[in-house]
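Dropping the structures in below, format is structure tokens.
Next, two complexes with subunit A in common: one pairs it with subunit B, the other with subunit C.
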Partner chain A sequence: MSALVLLSVVGVVLLYLGLFGRRTALAATGVAGLLGTIALIATGWHLESPLFAGIVRFDGPARAYTLLMAGATVLLFLFGVDYYARMQRNVAEQYALMLFSLVGGILIVSFSNLVMLFLGIEILSIPLYILAGGKRDSFRSGEAAFKYFVQGSFASGFLLMGLALVYGATGSFDLAAIGTWSADAAHGHDTVFLLGLLLTLAGLAFKLAAVPFHFWSPDVYEGSPTLITAFMSTVVKTAAFAAFHRFIAALHLPDAVGTMLLTMTVLTLFLGNVVALRQTQFKRLMAYSSIAHTGFLLLALVGGDPRSGDVLFYYLAAYTLATVGLFIILTLAKRAAQGEEHIRIFRGLFRERPWVAVAALLMLLSLAGIPFTAGFVAKYRVFMLGLAGGHVLITFFAVAMALLGIYYYALVVREAFAPREQEGGTLAVAPLNWLVITLCGVGVVALAVWPVALP
Partner chain B sequence: MSTDLLAALVPALPLAGAIALAALRRKLGANAAGGLATALVAGAFVASALLFQGFDPAAGGRTVKLLDWVRVAGMDIPLALRIDALSLTMMLIVTGVGALIHLYSIGYMHEDERAPTFFAQLNLFTFAMLLLVMGSNFLVTFIGWEGVGLCSYLLIGFWYKTPEYNYAARKAFVMNRIGDVGMVLAMVLLFQRFGTLEYDAIMDRASGVNDPLMIAATLFLFLGATGKSAQIPLFTWLPDAMAGPTPVSALIHAATMVTAGVFLTVRSSVLFELAPFTQDIILWVGTATALLAASIGLFQNDIKKVLAYSTVSQLGYMFVALGLGAYSAAMFHVTTHAFFKALLFLGAGSVIHALGGEQDIRRMGGLKGTVRTTYITFLIGTIAIAGLPLMSGFFSKDLIMAFAFQRSPVLFALLLAGALMTAFYMFRLLFLVFHGTYRGQAHPHESPPTMTVPLVVLAVLSVAGGLLNLPHLFGGHEAMKHFLESAAEGIRFENLALDTMTEIVLMTLTTVLVGVVIYIAHGRFAVKATLEGDEADMPFLKRLVAQRWRVDELYRALFERPFGWLSTNLYAIAENKVVAPLVRGVGDAALRVGETVRGIQTGNAGFHLLAMLCGLILLLTFTLMGS
Partner chain C sequence: MAALFYILAAISVISALTVVGARNPVNSVIALVVCFLSIAGHYVLLNAQFLAMVHVIVYTGAIMVLFLFVIMLLNLNKPGGPRKSLAMRLAAAVAGGLLFLTLAAAVRQGVAITPAAGFDPGVGLVRHVGQVLFTEFLLPFEVSSVLFLSAIVGVVMLAKKDKDEAPDPHITGPERARRTA
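On to the complex of A and B.
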């Protein structure tokens, strides 16, 4: 609980700092608060007490995901020092909103009551709607915020409807109680419960950007400020997946839910990878890549294997590292190319900044799942789970889609290592950014030889 | 300092050097880079010497585990180093001779603009070689094994602007790869049989096993050894490897890497002892290689080629010793050979340096006045390799020949013939280079001290190296043999069971005949310089030998051409006509689908809401219908 309180308080402190114009202290305070949270979580590792009248439970996975999300936020805040340096107004609000959103994320990775799940998702999302519109003078940013809000409200509708039906069928919001209820064979074909589950999952799938609930993601990713895009595709995605897994792992799922998940998996894998092939704008490419990764992550969950929690966590950690680093490099390249986002802005990167190019290469290879990177280990473990769950055909389909995916990552690699035809602005890399990029680049390789398991 | 830390430091220092030099190669000057590289290898030598000093042979070897490396499903392979008599011997040679050659390279490479890269690669080689000899299991050794192969490839082709050099580098690489396949297969077999790749565990479990698998495993290991150590049939790369800078030839292609095969065989001697069939094969391959290479050496005109064939031939002697089960004799010869062959190569390098790049001995001669230190040290090296009494080569080679006599006088006679040829081509080289009158146009000058100091040190070692394993006959205790015996755990050391009289007779016979050969060589090459004419004028047999028994041409006809033909045709037909259109078709199709599906993403929020709703309804219908 102290972690949640600390983060909220730090968020408020940040707002006050902004009010008094202490811009330089913002990132430092935020990072200090996050590190404090990490320390609290890490030292309180052994505690597992239900909080808030049993609607939140900080068990092992909850702590691990909190650490991952807080760690990713630290990286993003460090990047923020340079990113927000040229923004004049409302910087404090951006940091504070990210922290508030993170609080929502922490709540949904530790919920043990469906009301908390809903509240957590809203606490996570509402700051995001504002953050997506963070560039107040940019039309695209405003458009992204609006679209995100409208579609997000829609999805919240699904979620609420689903939760209500689940309550109606089971008479409880408590996850454990619903789990016990659903394990009863007599309730295996309860239509109200089934419909409630499907609607709830659809609402959650919106946050995961799983097809057919993905429509918001390319537009919002593209329109949002890059730092926020990075936040959405790492912290928010991690939170959503952890919550999704927490939900389905606690229940005895009817077969129909399995069918729905498999259908979504196949659709997501297909659409994410295939549409990404034709993307030339880097942020859109990353949006579809994010959808594609949602497909692989779903594949890890559909089998209901007890190991899928470990694999999910590992995959998300690998994905987070690579994504944060790549979005930072994108920002730097975009700045050097006067705001362009076409992948050709990476051209000549290797000549100018060999280390940055090599780090980018490592991260792209990791996303593509090339051996000796964490992304490979992650995909490999997902495929093994898929085979263990008996989904041979779908696993083969996923492998084929992974192969297809190499193409669009390789396109970016090619740009980064091709010589530039004409002179352009040189990439300026601030020391902090360099540090974060290096951490991410080395991290995706180091993680490959250090397999993580959930406590 | 704890032994664990010291042991880790030995390979870590050159590795750090390689990384630092590679990173700073544009910022460092040639001398600074050379100095750093030399200092680090010298540091590794000091660490090895400290380890050696603190090593108690009676207590046996120890394993230093650095970290868990491979640990999956019943396979546990740590990244660990083994410190025992065998690895210490090799470590001292690699770092000691290595440091001298690094020092020498400062002078040799000072004008090359890519000198820092050179030193980075040389340090990387030292690291890989140390990993090879220090590994506590086959896999760690194998990393080193591949690493030295890579560095050898890089350094042979160091002057990559000359196409032939690249060809030579590729040839070395490909031939080594053939050997590597053997090594991998051997590892697989051993793992399958023993469930581990740790040397001590395998040697423990193997003793007493009588199994055809042993023959297969040892034959594969030996195939690996023939690749690295340039034995028949994989020997033709080594002479071509002389394309690299001369210090490379001295370090990699004479003193250290090429002895990796010998090292590996000694390391796994327990296995070889269980496969007498393989031992016989090794014995005869070694003999054949020793003779074949020595005969080719007789008519070569390139100073480095002569030394290269001499190396192949000497390696043959080492394998003869291995085939006879005389492992300590083989290691003894490895050691002395490292001294005198490194000396000879560095001397040759000094000559080449003095003559501004000239390597043809027909355009040398009479250099003993101008390059005095080089001459004296080269002379010492020549005497040592020819095996004149009391020099290091005398003791090590005679030990092998005594073992050979014990097996069969015929073998002894063959090896004696090889030794005589060795004496002949080496003194031919010495006389043609340093005696008589100068036949070239360059202006010879002595090399700088960074180059001559290593020569002098190596010359002293070439003379005194014999003391390491002085036989009882000369009042010694065979110290090296007893030291190596402590290495393990099963390495068996055959005792020489010849009586003193026979030993003296054999030594005298060898010495007298070598003396006669030197006298003949003196007459032909020192008094008057008899140069080889055109190959076309030679009698058939001599021409065949001078053309290196046409082995290269044979390989070209047997392997290169058929494979080249196959490759060209597969490319033209299978690749271009079948595979490529198919692959391209799949890719194009995927791209087209992507283009089409992309159309759904209109950017219209209202449409998206509708699509989401439709998607949900379809999904629900599909799901509920299906259940």
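On to the complex of A and C.
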């Protein structure tokens, strides 16, 4: 509770700072608030409140995901110092909206009542719709905001209808009560419950960008400001997956839903990896790569193994580190290339900034799942879970897709290490950005040596 | 009572179909108003007067008037709109049809839907709603303020006109002169 209150108050303080024109204090205040949140969560100070028992529960996974999301937001705020330096207006609002979105994220990783799940997803999403349209002079940004908003509202409608049906069937919004109800064999074939689950999972799958609910993701990723794209693909993805896992792990899923999840996994793995092969714009490539990673993460969940929580957390941590770093490098390269986003803007990176290129290499290798990086360990653990769950064929399919995925990451690596043909603009790296890139680059290797587990 | 329910249900379904099917946006909005009113009728049948009142005031009153204003101001009150390609319409029909099939099959199978709990006629009264809202669901109630605050911030951020910003090229004539002055 204390963490939620602190974050909301810091968001309001940021708005006031913006009102009084204290631009330099914005990121520092935001980071201070986030560090305070991390301290509160880590020490467990006043997390639970008896007033709100049964609505949210800050158990081990909830705290771990909160720490991960707050940590990623700290990295993004540090990046924001440089990113927003040239922006004239609405900087305070953007920081504040990211904090409000994070509040929604914390609510859905700790929910134990379906009302809170729905409200949390809305609190997570509404700031995002606005942030996606943050570049007011850009047509693409407006397009991204509009598409995200329309499709997101549609998904919310599905989610709400699903939750209403689940309530109608079980008579409760409480996650534990629904779990007990669904464990009863007599309720295994309850049509209303099944229908409710189907619609709820469809609504949640939209947030995960799982096929066939992924159509928004490439356009929104491409149109949004890069910092917001990074926020979406790290913090929001983490929150959505943690909530998804919290929901399905608490229930006894009927067989039909299990089949649906498996189908979704296979489709997501296939489409994400195959379409990514043909992408030349870096942000679209990252969007399809994000869809592909959704497929691997789903594979970790479908078995219903008790260890899947650990694997999910580890995978998301590895993915978050690599993605944040790569989006920062993209922004720097994009600036040097006058706003172009084709992957050839990375050409000559190694000649010019050897350390940045090496960090980019580490992060790309981690996303591709090459040994000695966190991405490899994460994928390995996912495949082991898939085999343990008895999905041998699907696991082999996933391995094949992971091998296919190496190709499109290698394309970017090749550009970064190729010599540049003609002289372009120079790549300026601010000290704070250098720090974050280094943290991410070292992090993906360190995480491979020191695997983290949920408390 | 049962007859009243069926009449209201028929009105809801027909008006909802009209919302989707009408070619003129103004007709769609009017049909939506009718749909909302009939749903408010359902709430009254369930003895949830508070919900019915709020529904009429907020949705039928405020939000639908806003819809009408937007349609009038943006001059959208002409039938038509962008034409969709055949492939797109086919895909939409197939996807929607599949969902409809699933729902229809579920309803057919579950004719004997047994409610999880019996109906309590006091559940929708304002006294009960207030009690639940400020005890059991206090956190969702409080935290929705973050949602509203971010929506307000967003509106200001997206719609505010800055002094140094170029005037909107779509606004011409005396209005433009007035704004730039």
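FYI, the second predicted complex is superposed on the first by the 447 of 455 C-alpha atoms of A that agree within 3 Å, B and C clash if a C-alpha of one lies under 4 Å from a C-alpha of the other, contacts with A are read in each partner's own complex, and residues count from 1 in each chain.
Here is the rule we go by: a residue touches a chain if its C-beta (ideal position, glycine included) is under 8 Å from a C-beta of that chain, and two chains touch if they have at least 3 such contacts.
Note that the structure is a prediction, hence the values are computed from the model and not measured.
Taking subunit A as the reference chain, the count of touched residues is higher for C when subunit B and subunit C are set side by side. With both structures placed on the common chain, the touch criterion links A:Phe58 to neither subunit B nor subunit C. Judged by the touch definition given at the top, the superposed model places A:Val274 against subunit B, while subunit C stays out of reach.
By the touch criterion defined above, A:Thr263 reaches subunit B but does not reach subunit C. In the superposed model, A:Tyr314 lies in contact with neither subunit B nor subunit C. Once the two complexes are laid over each other on the shared chain, residue contacts for A:Leu194 go to subunit B and to subunit C alike.
In the superposed pair of complexes, A:Gly168 makes contact with subunit C only, with no contact to subunit B. Overlaid on A, the two complexes show subunit B and subunit C touching the same residues of subunit A, namely 194-195, 198. Those residues of subunit A that touch subunit C in the shared complex are 4, 8, 11-12, 15, 51-52, 54-56, 89-90, 93-94, 96-97, 100-101, 103-104, 107, 113, 115-116, 119, 122-123, 126-127, 129-130, 133-134, 136, 168-172, 190-192, 194-195, 198.
Residue ranges on subunit B touching subunit A, taken from their complex, read 587, 590-591, 593-595, 597-598, 600-601, 603, 605, 608-609, 611-612, 614-616, 618-620, 622-624, 626-627. In the complex of the two chains, the subunit C residues touching subunit A come out as 102-103, 106, 109-110, 113, 115-117, 136-140, 143-144, 146-147, 149-151, 153-154, 156-158, 162. In the complex of the two chains, the subunit A residues touching subunit B come out as 146-147, 150-151, 154-155, 158, 194-195, 198, 202, 206, 211-213, 215-216, 218-219, 254-257, 259-260, 263-264, 271, 274-278, 404, 407.
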